[in-house]
Amino acid sequence: MQTTRLALASAAAVGLLLAVGCTTDEIPEAETTEEATASTEEEWFVQADYEEQLAQRDIEPEGDPTTPWLQAIEPEWVDTSEYAVDGGDHTVCFSNASVSNPWRVTGWITMQQQVEVLQEAGEIGEFLHSDAADDDEKQISDIQAFIDSGECDALLISPSTTATLTPAVEAACESGIPVVVFDRGVNTDCAVTFIHPIGGYAFGADAAEFLVDNLEPGSTVLALRILPGVDVLEHRWAAAQEIFADSELEILGNEFTGGDAAEIKNIVTQYLQRGEVDGIWMDAGDGAVAAIEAFEDAGQPYPVMTGEDELSFMRKWKETGMTALAPVYSNFQWRTPVLAATMILNGEQVPKEWVLPQEPITEAELDDYLERNEDMPSLHYAKFGGEDLPGFPDAWRDR
Amino acid sequence: MSQAPVLAMRGIDKSFLGVPVLRSVDLVIEPGEVHAVVGENGAGKSTLMKILAGVHTADAGTIELGGRAVSFTHPLQAQHAGVATVFQEFNLLPELSVAENIHLGREPRRRGLIDRRAMAERTAALLSDLGVDDLAPAAKAKTLSVPRQQIVEIAKAMSQGADLICMDEPTAALADAEVELLYRLVERLRDKGVSVLYVSHRLREIFDLCDRITVLKDGERVTTVDTADITPDELVTAMVGRRIEAVFPEPLPGTETGEVRLAVTGGGNAQIDGIDLEVRAGEIVGLAGLQGSGRTEIAEAVFGIEPFTRGTVAVDGETRRITGPRKAIAAGIALVTEDRKAQGLALNQSVGANARMVLDANARVHSRARLARISGILSSLDLVSRGEDQEVQYLSGGNQQKVVVAKWLAAEPGVIVLDEPTRGIDVGAKHKLYAVIRSLAAEGLAVLLITSELIEVIGLADRIVVLHDGRIAGELPGGATEQQVMAYATGRSPA
Amino acid sequence: MGRIRTAAAALAGGGTGTVFALLAAIFIAVAFTNPGFFEGPSLMAFLKQAAPLVILAAGQYFVIVSGNFDLSVGALVGAQVVIAARLIDGEESRTLPVMGVMLLFGLAVGLVNGLVTTALKVQSFITTLGMMLVLTGAIRLWTGGAPTGSLSEAFRGPGRRGIDDVPLIGQIPWAVLIMIGVGAAAIWLMRTRFGRVLVASGDNELAAELSGGRVDTVRTVAFVLSGLSATVAGVLIGGYAGVSAQVGQGMEFTVITAVVLGGVVLGGGRGAVVAAMAGALTIEALFALFNQMALPSTIRPAAQGLIIIAAVAYAAKRRTRRPVAATATTNANPS
Amino acid sequence: MSLRRLDTTALIYLALAGVVAIGGIAVAIDGGNLFSTANLVDMFTRTSLTGFLALGMTLVILCRSLDLSVGYTAALASMVAATTMDGDPNRIVLGALAALLVAGLVGAANGAIVSFLGVNPFIATLGVGLIIKGYLDTEYKGPAGLVPTAFQQFGYSRIAFVPVSTLVMLALAAAGIWFLRSTRTGHHMYAVGGNIDVARMSGVRTKSTLMTAHILCGMFAGVAGLLLAARFGTGSATEAYSNLYELDAIAAVVLGGTLLLGGRGGIAGTVAGVLILAVLDTVFNVMQINPFAKDVLRGAIIITAVAIYARRQLSRTARRPRFAAAGTAADTGRP
């Protein structure tokens, strides 16, 4: 019968393969263990990192302020000559966690534009990418596939989850090709460079401090969060809690919205039914407008609010003239990895940990940024940093 | 016979929804005996057997097996107690093989695992023991013809090593050749000392096969006799009790046969062939013949379910291409199907919803006037229900059937085909239906009556068309004798 | 009068009774946690939120009662909002034409679902699962991943605005009126010949067919109606909250749960459309209650799961335990 | 057409061959080589996770049930495993067993709710999934636990170009095939799915069979969880269930020719289904196909496949003609 035949076949196959011999993608021990244990703590707040990030906000980054994506805060330059490859037209591979939200979509476009420039310049030849659609397991396969294919001169990774991607990234490092990690990190420093803005604590703190400064003591604040368990987001909330803790503000609650505008509006509306809400703290800008509309529809005064540099929010902010702040998780960081890769392949020095500046957009800068992004779609991010790329503005406007 | 009887049922009572189906029935079966239980449909045969099989539990009375008192609440208990049953509706799994079906739930095992070889061997042995050599144990049930599926059923029952095997209308679906085979099966069982409870209304089989006969009528046991001591005619009278005229209402005054309303000429398809049939207004034409002879197939062809692929159909003189139920209904044809639960009713819906289903489904026949008449139709049928909002699943079989009839009458058809209208319904409802059929004729409808109850055909039909093997074997006037009908039905011509 | 009795009995029996009981219970609980809830404005706000799900439930009911599933509604709602945003792109004048396009699109999707299921005999679960994948993919493909463009004020109207300055109620949202309209339409539709044939098809396909019912046609129409309801829901949600990448995600499961909670049996032939919509209202009320109890949002799914299983299990028991003998009869038919 | 003659499983492997061939050609035209070691490795790697889930899913679907909670169960299992092991190589076995136990219990819960409370499996397992989600999100605020390197081998080491995890999957598949063929319980699953009444009448212990199917399905999900833990090096909650793994699994099962209504199909087919999906994934990756286009293609392919199976079923149901002359009528099919 069909079935039995298959059973036999598979059994035979196993035997055969055993004969062929066994290989393993090495999984280095040393640095994983204690680092990873750090991640196994269920509390997201790490005092040291928190303080470091808050400090970093006030440090003048090295490099030309007109190209923030090349700036670095307190860089510790490392030599990359070992990775230097003669000639240009390097094949650069990119394992992307997903493009499942506007922030990532914007960044991904920026990165592609940057790649084109470098391809023009003959720095990059082929640019291969794979998208894991937020599936860690799939991204691990994607990374393995890149390693095994042996085509990549450099590998860029934007991990979908810090802890879970660590082994895969280590495997990548082991393969000897230079690895560049950006956005969310991993629990290993095996990558040649890890590129990221200051971080979640800073983002959360910027927002929280703004509320503390702009609200009367005793005012009420509602915290809107996207989803639990994602470190970059959890850090934002952890920092906010820190700051709210020694303030006079009353935190009404923190709700998970999945970034769904309708959900956000429901929740805010329900809170407004039960009493005043003076401030809104968000861990990301998605759906911020819906939150504001909830106030409008309920006929309530606008809250003091922190969103993100997503244009829909900033335009609403401008239009309503409310007191608000747009904390930034620098979207321009999507340019840096490709540039870093070429630097590495040319044997130039790069920062071991490449900390990019991360400054919130204040009322003062609002008009400027709105003007610069005038004809950009509403789900575009103000600090995408691609204005000087040839594709601007069409590439971002007509997606 | 000195030893304790294999089966002794005493004083069995059973009623459904207050309608008594069995009244203190006794049944005693000796070892190695082939015992027939006969009676009209609705006489209680099947119910009695379902009680024995543990499908129903009796309201009163005792059951003894080999002298031990038993009471079954689940079919398995009956099986384990050594009573195996072959029901009319098939219990095979189409996707499983013959061997797997026969041994389902009792697979032979070696070291805890299914021993497929043993299973195949046993099956082969069993089948050849039954004299069936050309049935592959590995064949999937769905690939078998209906009669062969039934043989598998019987084999399954036998394989349970029962001392008593009950067969409910086992030959219902069998062609003559297979009937012969069945005879051999039963003989072998008897030789093995297995008793057989043989439920049937086919006199010939009963006299060929059975040692003793128990006659049921209207849920009561009339008599139990040795086959040797009774003639077929006596038996029929015992079954029917009253003389036929007494059972069936006379044609209503003013009933006269008029124009031809349904005319089939040279009709045929994959199942039937050379069908020439005329039904006139006010006429009741009976279609007789053994199961599988093509009775139902004609009904389905006329109604467009399995349309005629040859010949012509004319309704009220107008030739129609009836390719589906909608066309049939538009042409004024109604079909009261054989299986009311599967084909006739939406059981979760209310009486009202079912009664208006035909009107709702067909713009051509839908009208407020007709909707308004439905309540009248229902009460004219003496429907017993809690009102039109009651779900039909809670009605008795008879009342369910009345709803089915009502939904068709609502459409005011010119031709009505009734396929086994009285199957499995209580006597009261039965007689009501007879009356209804007569009145339909009186109203000038053309009635095509299909039934396995020879007595019904003989008692109701003005003309009897007898089918054999998908063709018309002969035609008889109303009131012909069973023997004549059976002669045609079994492919002979009456002496 | 008999009608009333039996109607009441019908409500009490099966899941239908359960859902109204549950709804009442939840409302009482809500009233306790927040007495202000039933004051005009906040009640209206609640209904406004609930409207899209209720409308989806009506659409899903048609499909389920005829013996099928529609898993594609969530994706369709999302698609509709994104389409609207991209095509309107802030131009007031385009509002109506685009709504027309959405309408056509919704109907088309429903039609495809229906035809693939009835004509190609693909189980609706698979058909609509596939449709869900196709829609999400196609829409993102079209917009490059994130919604672009923006909605016009006119488009926002139905979902967001309403009749203002109504005494003691404050605002009667258009959404609520639309919900009531759709509900009424659905109830009326189930009383038409179409509705009756639809239920019959779900209950006993063969019987319906043999009675001359166009089973495949009504089933296809059911899918089209579901697509239609998803379109209306899309307009309302888009209007209510604007565009966001996540609109509609997972809604298919919520709505099917809601319908089943309403005592409509998966597999068809049982249940009332009113109850289905009540089911949707119940779910929304449940969410509102969780929110008012300030139940940590992480626990909410668990509570939701428990309550649903409990309710459906209870209804199932009720159905199976309906005593047949009790309905046995003596009186000849009244009415 | 001769395909009619072909037994379904064979047909599916034919389809698999076709997909591989077409994929291979497409990639070749694209200037790549689908059969390079790298791509083979990739292909097989992608089979293991869906594979584990689909194997279990096959069992429940054969019983005419469904399990929408497998994604959540896998997540839970990965958590239990990782936290129990907590980096200590000596606790590997303990952790693995704990995970399987918990997953089995979840399966048991599903089975009990379906077979004893009579809740429709769609709702039952959806609810259980929500409950697990609630528990995980409340209990763990993110990835937790640590998987010792030794156990991570399960996720990373391979023999030649076949990952160990894939071999384990194939081994389990073989075991599953054996289970369905050679054990009573396994064999009875076909009966339960085919016609539960007949099964009961024949003395099959239907409820316990259904329970077993669900428990095994849970445990397979548990194995999937172990794989996740091994590959992640930690337990991850949000990940596993945010990706609708259950729908992937169902798709693979149906693609493998198992009837969603139960009673027909088998694990051999499911393996082919899983392989087809994996091959597609790899091809898409190698050809750099836009992630959103993937969804569209997947959806279309699944529907088409099932439509083809359905077609074959239809042609089977024709009645055997008595009068060959009218053979034409044989294909009209019955209402």
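A few comments on the model shown:
Per-chain numbering from 1; labels A, B, C and D assigned in written order.
The criterion applied here is as follows: a contact is a pair of C-beta atoms (placed from the backbone, for glycine too) under 8 Å apart; a residue touches a chain by one contact, two chains touch by 3 or more.
All values derive from a computational prediction rather than experimental measurement.
Considering the contact criterion stated above, the chains in touch with subunit B and with subunit D alike are C.
Each chain gets a centre from the mean of its Cα atoms; the one farthest from the centre of subunit A is B. By number of C-beta pairs in contact, A-D leads over the other of A-D and C-D.
Averaged C-alpha coordinates give centres for subunit A and subunit B that are 73 Å from one another.
Between the CA-based centres of subunit C and subunit D the separation comes to 30 Å, rounded to the whole angstrom. Taking the mean of the C-alpha atoms as each chain's centre, subunit A and subunit C sit 37 Å apart.
For subunit C, residues that reach two or more other chains under the stated contact definition are 145, 206, 209-210, 298. Multi-chain contact residues of subunit B (touching two or more other chains) are listed as 305, 325.
Under the contact definition stated at the top, the residues of subunit A that touch 2 or more other chains are 99, 228. Contact between chains, per the stated criterion, is found for A-C, A-D, B-C, B-D, C-D.
Remark: subunit A residues 2-4, 6-7, 10-11, 13-14, 17-18, 20-25, 27, 29, 32-33, 36-37, 39-40, 42-44, 98-99, 128-131, 133-138, 140-142, 144-145, 148-150, 160-168, 171, 227-231, 234 touch subunit D in the complex. Contact residues on subunit C toward subunit D in their complex (touch as defined above): 116, 120-123, 125-127, 129-134, 136-138, 140-141, 145, 205-206, 209-210, 215, 253, 256-257, 260, 265-267, 296, 298-306, 308-309, 312-313, 316-317, 320. Contact residues of subunit B toward subunit C in the complex are 17-18, 303, 305, 325-326, 328-329, 335, 337, 342-349, 351, 353, 356-363, 366, 375, 378-379, 382-390, 394-395, 407.
The part of subunit D that touches subunit B in the complex is made up of residues 181-184, 187-188, 190-191, 194-195, 198-204, 263-264, 316, 319-323, 325-330, 332, 334-335. Those residues of subunit B that touch subunit D in the shared complex are 75-76, 79, 91-96, 100, 104-107, 109, 112-114, 116, 142, 145, 268-273, 305-307, 309-310, 324-325, 469-470.
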